[in-house]
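What follows is a pair of complexes built around chain A, which joins chain B in one and chain C in the other.
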Partner chain A sequence: MNSVRIEADNIAFSYGEPRVLRDINLSIEACELFAVVGPSGSGKTTLLRVLAGLEQPSHGSIRLNGVDVRDIPVAGRNVGMVFQNFALWPHMTVFENIAFGHPSAQSSGTETVEARIEKLLAILDITETRAARPAQLSIGQQQRVALARALVHEPRLLLLDDPFSNVEQELRKQMRHDLRTLQRKLGITTILVTHALEDALSIADRLAVVVHGTIRQIGSPTAIYDFPNSIDVARFVGVENFLAGTLRHVERQMIEFASPDIGTLRWPMRDRPAEGPSVLSIRPHALHLCPIDSFRDGRYSWIEGDVVASEFLGEVVRYRIAIGNAELSVKQPHYLGATATPAGTQVLIGFDPSRARIFPAGQNADMSTPE
Partner chain B sequence: MNTRTQSRFGTPELLFMLSVGVLIVVVAFPMLLIFFNAFWVDGHFNVADVVRVLQRKETYEALLNSLILSGGVTVTGTIVGTFFAWLVTRTDLPFKKTMKLLFLVPFMLPAFIGALAWKMLLSPRAGYINRLFMDVLGFDGPLFDIYSYAGIILVETMYLFPFVFIQVSGALERMDPTLEESARISGADLFTITRKITIPLVLPSILSGALLIMLYSMAHFGTVAVLGVETGIYNIPVLIYEKIHQSAGSFDSIRTATVLATVLVLTAALIMWMQNRVLAKGKYQIIAGKSFRPTELKLRGLRIPMLILCIVYIGLTIVLPTVTIFLVGGLKTYGLSFTLENLTWANYNHILFEWDLTRDSIWNSISLGLASALITMFAGVIISYVIVKMKVRGKGFLEFLGMLPFSVPGSVIALGVILAWSGKFGINIYNTVWIILVAYIARYMAFSLKANSAALEQVHDSLVEAARASGASMAQALRDVVVPLVRPGMVAAFFLIFLPALRELTVSVLLYGPTTRTIGVAIYTLNEDGETVYSAALAGIALIIIVLGEVLIKRLVTQKNGA
Partner chain C sequence: MNLANRRSPRRPWLALTILAAFLLAFFALPVGRMFLAGFSDDEGHLAGKSITVFLANPLYAESLFNSVSAALGAAILAALAALPVAVVLWRFRLQPPLILELFGFLPLFVPPFMLSLSLQTLLGRGGALGMLLQPVGEIDPAMWGLPGLMVIEAIHYFPLVLMTLLFSTAGYAQQAHEAARLGNSWFRLVTRVFLPLGLPGLAFGMAITFLKTLDDLATPLSLGLTNLLAPQAYFRVSTYGHMDPLSSLMAMAMIAISVIVWAISAGFIRHGATQWEPPHRQTPPSLTTGQRRLGGLFLVSIAAFYALCYSGMLLTSLAGIWSHTLLPESYVLAHYASALENETGGLINTLVYCGLAALLDVAIGLAVARAIDRSPPRWKKNLLWGAAALLSIPGVALAIAYLQFFPGMRLPLVGTPLDATWFLLPMAFSVRGLPFAIQAGTFALRSLPAPYLEAALLSGASRLAIIRRIILPMMAFGLLIAFLICFGIAAVDLSSAMLLIPSETDAPVSYSIYLHMQTSTGRGTGAALAVLTIAVVALAMSAFVLATRRRAPVLRQGERAAFPDIPG
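Here is the complex of A and B:
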């Protein structure tokens, strides 16, 4: 299929005063499955609509295979789009929904439209629904009809606006797996917008994290998960603990982080961040909870604290631990028959500082806002 | 009676029996009397006689006229309503929000007052506009004769088009914009999208609004009575009125009236049935979740002409008739030109403070409106409680009884009330204010049931159960939990009844006696008697009362919502 490379330069968009998008720069390779993630209200759907041509950017340019598409109307861009609520036309059958529109749809090459629809229905395993109305279909079937409608005109670019958001967990896993397989098979450039990190991490080649209308980080799923470049991104990818303190460079390759809550920690780091007020962040499951009288293994740094609350989540137990004036969130794997440590118990927290990330303090004004 | 039902006869059953009793006496009994009178001649069932009545010239002419007029109004009203709804929701017309509110104003104005104003402006010889054209501009004939089918259709269209306008603009606003966007992405142009996506999706709303116009126009008395009398154009309600009034009490005229009423009821039932079918068939889920603004059509060069069109339309339907009513109401004699020395406050003073007939009519309308609104509100809340909340058998029957008058034309209700309460069954309240009250209650019960049921549906059973679980008795639970929650519904019901009752004409014109004229009747009869100036002055007062009432409700409702 004729897939397309897409570039966006310096896109800005606003409906009025507050800017919805600014300084958006993207470059997506042909055949890539690219995910755009971010908290709700961050502007990711608007970005997708701008790329589709449903909205005109107030600034910047979009190029498909190097051609500026500013003056090409929606219909001429040859993109397929699946909307969040699927937007299937309730007064048409599945077949009519898929066959609708496109002046060029009469025939393309040797294949008739009808044959192509039949083929898509078969690939998506919804052949038996062809005469049904959307209201008679399950959510999963509706999504596949919407996908078929988006793909029938052999678009150069497929846009997906949170297509899993209305779907329950188990079906969701199946659907995203199917989507990935199909996308590979067709080799079509695809942009997936989602608010659910897991969807993006599991199937995307690369992802962009959008917060407050700007792209904060672009990278592979593991890069973004392991090495978030800012507190906002860290928060979005599930880092819960942020401790304020001061960073100093000591010796060669060594840094020292001093915080009123956890005291002073030292560990080696190759690309040392700048000295000064900083924030140390670490994931809840990178912390280990031990009885207060345990042997303090030299590989870890150890802090004493008190259990404030525990929450049993199934696979893990999440504890809130008070340390000085701060609170840390710790996730411990749950084993058969184990009971949660009761609140009030004194405990030791051990952690490997090299698994922590250091950000300059004051980088984000909203650091303290809870998610 | 078996033991099970005996032991189960408690408060719910008592309330149920009571509700059924009230509705049978007030609603079902008068209606049944109409059918009985129509089909029961000389002690036996007789259809041939009904056919004979229908074959009379005046009868089938009335039928034909009703069809022509309501058909015409339905077509024009639907076109006008749909067009303006599209204009204010889907284009970049300037001042759209204001325009949208202004298009709803004709709903408040009683159509027969509009008809009165247009008669003053466009009656072939005396109308001010026609005279301007003939006397000043030198035309040979009148510009437009309002005493015609076209005239009647035009005036009714002006005041009934909001039925379609409200439905369609609502549907267009609620419609999920992504349904149209996905069509754009599929490569369709605006024309194709409008034809294949937008119109099919709002078609149920268009049709249901159109059927409401038809239902209303079919049963409408005022406009046809005011504009058709000179040229002999009459529809079924007008003929019923003439039969009852001009040959008071004669058996033949009552029978003719009941046959006409039967036809009217059947037509209305047919329309309601069609509307239910349209709504059931076209019930698409097209409501938007996350809303982006729908694409607006750029009118470009047509933007200003369209705005002018809207302003002219609003000027013609609202401003011009209202101003005419107030000016004519201030004239020393009808027919004088509108100069300052011809205008006086004396007419308004006379009808408000000096003349018993008009003063009484205002008092009658206000007290009838208050009484019927209060009674229907309380009866409605109890009956809807039985319908919505209580698990009694046969509540579907109760609902049917209560909603019946919703589609039954006013003239039919009035006729039924006459048959039931003028002495044949031991009670004679004919010519008193009580018969009008009974008719109003029957007519407006459905309004109250609708508002109260809607409010009660939202009070979930578990709220009462929670109160009972906390130790409250059933009475306490009702008083402290249910009543506060349905109070907004009751308030809404009160105003939904009070305001239309204030300007009611169709029912009261069949029931009024020498001292029991309502405002509507007084305006109508003064006009019939040639007292055009006083009629206009009273209409002006009525408009002021109506507008004040509407403003008051808006205030109350917005305060309630804000709290």
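Here is the complex of A and C:
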């Protein structure tokens, strides 16, 4: 397939006030599987619709292989799209759904459309469903038909609008694996929009986190997960603990973080953030919970607290620990037969500073620990 | 056409401008002109003389009082009858079959004067039961005066009030049962759950009953009642001509009363926390065979009561000779033959008028529904309620307004005066049908969610192919339903028809039925026409039920209903 490079410059879009998208800048390489993630209502689907041409940006430009497509109508952009509910026409068979818009006489090079459809049906393993109506198909089959319909006209760009939503976990894993395999096989530039971080992390080459209509961070899945650049992104990628305090540079490559809740901590950091009011963030599973009289390993900074509550989540137990006026969320692996530490127990929390992230205070979002 | 602007605020303006132009020409200007006529003297100067005359004449004051009393009485009686039945259905979670649910809306598609004439045939002095019960007392509804009108209208609109009550409470029946199992008394559940939740449904059903009874012209006339606003306005127009200021005043009084009643009921409907849901969508309860049979018997007895009420019409249509006997002495099909042979003109007229009105309504209803769907959220409710407020325009008042506004105007090219043609009739039907058309338009739009059309746009298919293969097949059912609803609403609008038809040859079938039933020789033919009309409505409803059962809902929760533009 003829893949494209996509560049979006300063895209803005609104249905009125407030703006849905603001200053979106993107560059997606040919053949890349690029994911757009973000919380509900962040504007990610609107971004996809703008790229498809279904919505026209109020500002900015979109270039496909360097050509501005702003004035090219939807049908002329050669874009394939899979909708969230697949949008298969219920009164048509699978074959008719895929072939719609492609008269059988029409051919592409040496291959007729019919042959191409048969080939796609075979690749997607849905040949036997060609005469079935959408209502007779399973969710997985419906997704494949929607994919075949999007791919039949050999699009330069494939857009996927949360195609795994409302799908049960096991099927979801299979569907995203199949999608990734097919995308690699066809080598088509693909943009996947999803609210589920796991979908994006598992199959995307790169991803963009969209919050409140702006792209907050673009990077590889591991980069985004390990090094979120803002409180909003950190929260979206699963960081639950945010502690307010003051940062100070004390020695070369050493910083000191003083918080009324956890006291003063010092640790080395090569790229030292700016001094002043800051927020320290750390994932629940990067904290270690130990009995109060445990040996205090020198690799960690240790904080004392009280267990407020515990939740057994299967693989892990999630504790809420009161530290001063704050509460920390701590996830500990569950071991066979082990019971959760009861509420009211005094505990030690081991804290590896190298796994913490520091953000300037007042950057965005509130500091409260999510429920 | 630029897709980009399809959500911009400019788009709704286009549809709203067309609607505004239509409403201006066929609603606001005629009604405004009528208001001026009501307050003008013979020379056309503004004066309050007509009000003084209106208020000084005891007949008009009595008419005003009677109209309000009859409408209020009918609404209260229908509510009193519907409430216990609804409570029983809710308490035992008896789900009427879909077909019975639909027959609850039959009052909107069958004029009430048919029930009046049927009951007179049954209970009148020469009728079946009337003769039998003569020694006991007078049971002819025509002899009851105003209470007779109230009872007939209440019986006619009872199924509608019952259905609106059930629709507003059905969604909570299961929770109520679970609460009852947990120890809450049914009295408490009925008073604290059923009644508050049912209030919006009850208010809506009662409002429709009130407005339709106030506007009803044929039923009071069929009962010989003339001291009501609608008949008085009709007589004054017939006697003194359409520029009569007193008829304008009566029409204005009807509009004012209707608006007040609609505003009060809208207050109840808007502020209710009800989630409207058809009872058949609920999970069926697990009833014992005995409970099922008892429930079935309960529903069948209600259906049987209505069958009995309308049996007078059926017997008349089949009666060869029927005079002072319990049942007809002989049965013939001649009345049906006569109806089909001689009344094809009426049927064709109905098809033309109501078809035109329905087409217009579907087009405007779709455009308005789409504009409302795309309007800013804060506007949506107001636009919907604004459109629904058209329900409070009585047919008699609109017809008088047309008669006063259009006489000077002529049809382009032909040069015939507008009021000498049937042209105004479909326009009046259309204005009256708009509130229903907008709801029906919303229903039709919901059958084609935006992504389905966007997928077609992205496929590169031509505009014609998208319309032919996607839009029409997916919306066909919704459009057909919208058309049938608007057609049905127009077909029973006898109040406008009686004033606006230029001659009897131009009359729609409902007016033909009314005229036939007023004569002793034409009653059989009129009854046959009425039975045929009811049969057609019943068939249409049954077909709707069958079609609905075969269709799965396309639109999912939270999905955008209205489709985007198709680029040219």
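Rule of thumb we're sticking to: the second predicted complex is superposed on the first by the 360 of 371 C-alpha atoms of A that agree within 3 Å, B and C clash if a C-alpha of one lies under 4 Å from a C-alpha of the other, contacts with A are read in each partner's own complex, and residues count from 1 in each chain.
Assume a contact is a pair of C-beta atoms (placed from the backbone, for glycine too) under 8 Å apart; a residue touches a chain by one contact, two chains touch by 3 or more.
Remember, predicted model here, so these are calculated numbers, not experimental data.
Novice: Quick one: chain B and chain C on chain A, clash or fit?
Specialist: Verdict on chain A: clash between chain B and chain C.
Novice: For A:Gln56, select first, second, both or neither according to whether it touches chain B, chain C, the two together, or no partner.
Specialist: Second partner only.
Novice: For A:Val74, is the partner it touches chain B (first), chain C (second), both, or none of the two (neither)?
Specialist: Touch status of A:Val74: both partners.
Novice: Just checking: does A:Phe312 make contact with chain B only, chain C only, both, or neither of them? Give me first, second, both or neither.
Specialist: neither
Novice: Tell me which partner A:Asn85 touches in the superposition: chain B (first), chain C (second), both or neither.
Specialist: both
Novice: Once the shared chain is lined up, is A:Phe227 touching chain B (first), chain C (second), both, or neither of them?
Specialist: Neither chain B nor chain C is touched by A:Phe227.
Novice: For chain A, what residues appear in both contact lists, the one with chain B and the one with chain C?
Specialist: Dual-contact residues (chain A): 52, 54, 74-75, 79-81, 83-85, 87, 89-91, 100-102, 135, 149-150, 153.
Novice: Tell me, which parts of chain C touch chain A in their complex?
Specialist: By the definition above, chain C touches chain A via 2-5, 7, 9, 376, 449, 451-452, 454-461, 465, 469-470, 473-474, 552, 554, 556, 559, 564, 567.
Novice: Give every residue of chain B touching chain A within the complex, in rising order.
Specialist: Chain B reaches chain A through residues 176, 178-179, 181-189, 192, 196-197, 200-201, 282, 284-286, 289-290, 292.
Novice: Could you pull out which chain A residues touch chain B in their complex?
Specialist: Against chain B, the touching part of chain A is residues 45, 49, 52, 54, 74-76, 79-81, 83-85, 87, 89-91, 100-105, 135, 149-150, 153.
Novice: How about chain A: which of its residues touch chain C in the complex?
Specialist: 15-16, 52-57, 73-75, 78-81, 83-85, 87, 89-92, 100-102, 135, 149-150, 153
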